[in-house]
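Structures follow.
Both of the next two complexes hold chain A, though its partner changes from chain B to chain C.
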Partner chain A sequence: MIVVFSLFLLSLLVVTAIAIVRSENLFSAVMLSGIFSLLMALNFFILDAADVALTEAAVGAGVSTVLLLGALALTPTEERRRKRERKVAATLVTVTMIFLAISYASFDQPRIGDPDAPVHRHVAPWYLEQTPELIDIPNVVTAVLGSFRGYDTLGEVYVVLTAGIGVLFLLSAGRPGLLPHRREPRIESSLKSHLIPHVVGRVLIPFIVLFGLYVQFHGEYGPGGGFQAGAIIAAGIILFALLEGEGAALKVLPPRVLVGLAIGGALLYLLVGVACMLLGGNFLDYSVLAADPVTGQQIGIILIELGVGLAVTGTLLSIFHAFAAREQ
Partner chain B sequence: MAIVLDALSWAMLVGGALFVLIGGIGALRMPDFFTRMHASSLTDSLGPMLVLGGLALQSGWSLETVKVLAILLFLLITGPTATYALGHAASVAGLKGGTREYRASDPREPRA
Partner chain C sequence: MEILGLYNYWVFGALLMIGFFALIARQNLVKKLLGLSIFQSAVFLLYISLAKVEGGTAPIILDPTAAEIFSNPLPQVLILTAIVVGISTTALGLAIVVRIREAYDTIEDDEIRRLDRRS
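Moving on, here comes the complex of A and B:
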């Protein structure tokens, strides 16, 4: 049954991808890419990767759709028609070659869920065995992400921060003073005149932010963590900005604060690592943070997840406001 | 008692699936945008009500039931709102209801 369902979802993914490529209306391409992300989230969920599914749904279908729509407001909605020679032969050859290469590679792949697959025999058993002993939290994914592979996650946070800085630089190029001394938005764009979405949205926002906090601090026990929580909270605040106008959202969280959140979150992660070194351990070895090594690990993971959440929220909201500022 | 609950929950699950299916067929087969939206949005409220209600009956009095009911509440609030937003956006954008033939036969419409 689950095989039928995954095949159905995977074929829908291919259909959606082709529709995105073929669509000349950029607006429908953006909407289709949101659908693509939702389908992808379902696929991840079928593969038992609930943490990844949550991230994909929040970032892919939620925030990035809004960001793409923001970008779309700066461009025409139709793809520019240009005369292009259709290189049918070259395309066919390329696609066939890639198809053959991937098919050939897939012969060597172990069956899905095969317990003897290399990926399940490498470090995964060690993580599964040692997590209860060393860290004592139920969600092994969080243990791997936060502690065992803390370096990787640190790198990811700095990738997010760097991407955010890059977008801010690109969007404020040639317009000095966009950040942090931004001029007041001239047009107050909001949905205040649309009574029903306005009221319903206002009711939902607190619950979205509450759910984000739950995902943030429940990451040790269930699917979730800083990345997902950051995206969910950012989505809630973006909804607020859409409902009440961008100016109202900027009054609550000015650009200065957002940039501070992003940098502060990333720094918090780094400082936890440095604190471990100062206390006599290795970089990001949280065992030294408390008298009991297991408690130390838990404190360390909660702190770095907080850093991740702050950094992701700050970065996503900064990017959103940078796009929104260009629209006016 | 357990058998009655089980039968009831399965009846709700199948009924919900049927409504979602009808909504899907309606969204494909109805002649214009607003009737399509009508078909899919009504069944999108009733379908989840039956499906999630059936699931709640399956799980009995537990935390899962509370979660399922929370999801149902969320869907019942957001679904109609999304439908309203969609219909409102279409009407603001100037989309006319009815098929081309219908509009052509309507004396109030200016002839194109």
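Moving on, here comes the complex of A and C:
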């Protein structure tokens, strides 16, 4: 049964992707990409990746759709009518050939789920065996993310921060004089006048943020962690901004605080690494943080997950506000 | 039944090429970015599919003594962080598109090139 279901979900992914490429209205393409992300999250869940599914649902279906809509408010929402071009036909042929080549190559690959596939015989068994002993937290994904491959995660956090800084630089610069007053000053854009989204949303926001905090601090025991929590909390506050208007959200969390959160979170991660060095261990080797190495590991993971959560929340909200501020 | 174990690879290939097609054949910059994110999702799907173990469950060890089969945690970690990095880079791309629109008043690739050539 589950096989049929997963084949169905995978096929839906392809159908949705084709619909995204074909649609000429960018607004519907963005909505379809939200659906695409949600389907992707379901697929991840069926493939046993609970943590990844949570991230994809929060980031892909939530935050990314809002950011794309924010960008569409500043750009035309209709694609220019396409002429039939020869180039398109040639591309289609090439792309189909490559697809056939990939499918042909798949016959040499191990079947999905094969326990003897090379990917399962490398370091993965070691992680699964050593996690209960060395770190003693149930969620192996968090253990690998925070401790075994903590250096990797540090880099990812700084990539996110750098991208956020780039967006702020690009969008905070003054407008060129090319398009003076194209847009009529918009009425305080919010859903205040729409009763049902307003009432339902207001009830939901506290629970979304609470769930985000749960995901943050329960990440060692269940699916979750800083990346997911950051995206979920950011989504909750973005919902608040959509319901109550930009100004109300900025009053709660001013831009300076958001940038501070992003940088503070990233610095917290780095400082934990440096603290490990000062205490005589290696960079990001948390064992030295407490008398007992296992407790030290747990303290380190909780601290760096907190740093990740703060950095992701701060960056995503800063990006959202940068797009929203550009509209005014 | 055996052949269905390869279905994920085919979906991966199809998504990869659909995204690639949008990236090359569509002139609209937002459409290109959507294509890029489909391309990216295809890679995510490949990694997560590789992590799956038959009869396994999510790698959360609640009872270390029980003999359970777990899926591979490593690809999941890699993709987890990649998703968040992906949205940040998409946002950066969108910011560039917004600035291009302000400077050229269009987000169609060929028109931008025509305007560039004229000046």
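What we mean here is this: the second predicted complex is superposed on the first by the 306 of 328 C-alpha atoms of A that agree within 3 Å, B and C clash if a C-alpha of one lies under 4 Å from a C-alpha of the other, contacts with A are read in each partner's own complex, and residues count from 1 in each chain.
Definition applied: a contact is a pair of C-beta atoms (placed from the backbone, for glycine too) under 8 Å apart; a residue touches a chain by one contact, two chains touch by 3 or more.
Computed from a predicted model, the values in this text were never measured in an experiment.
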Contacts of A:T91 with chain B and chain C, given as first, second, both or neither: second
First, second, both or neither for A:I196, with chain B first and chain C second: first
First (chain B), second (chain C), both or neither touched by A:M40: second
Which superposed partner A:L204 touches (first chain B, second chain C, both, neither): first
First (chain B), second (chain C), both or neither touched by A:V252: neither
Chain B versus chain C as contact partner of A:E79, first or second or both or neither: second
Which partner, chain B or chain C, touches more chain A residues: C
Contacts of A:A163 with chain B and chain C, given as first, second, both or neither: second
Contact residues common to both interfaces of chain A (with chain B and with chain C): none
Sites on chain B touched by chain A in the complex: 77-78, 81, 84-85, 88
Partner chain B, residues of chain A touching it in the complex: 194, 196-197, 200-201, 203-204
In the complex with chain A, residue positions of chain C that touch it: 2, 4-22, 24-28, 30-31, 34-35, 37-38, 41, 44-45, 48-62, 64, 69-92, 94-99, 101-103, 105-108, 111
Touching residues (chain side chain A, partner chain C) in the complex: 3, 7, 10-11, 13-14, 17-18, 20-21, 26, 29-30, 33, 36-37, 40, 43-44, 47-52, 55-56, 59-60, 63-64, 67-68, 70-72, 74-76, 79-80, 82, 87-88, 91-92, 95-96, 98-99, 102-103, 106-107, 109, 111-115, 117, 119-120, 123-124, 127-128, 131-132, 138-141, 143-145, 149, 152-153, 156, 159-160, 163-164, 166-167, 170-171, 173, 175-176, 178-179, 221-223, 225, 227, 230-231, 312, 315-316, 319, 322-323, 326
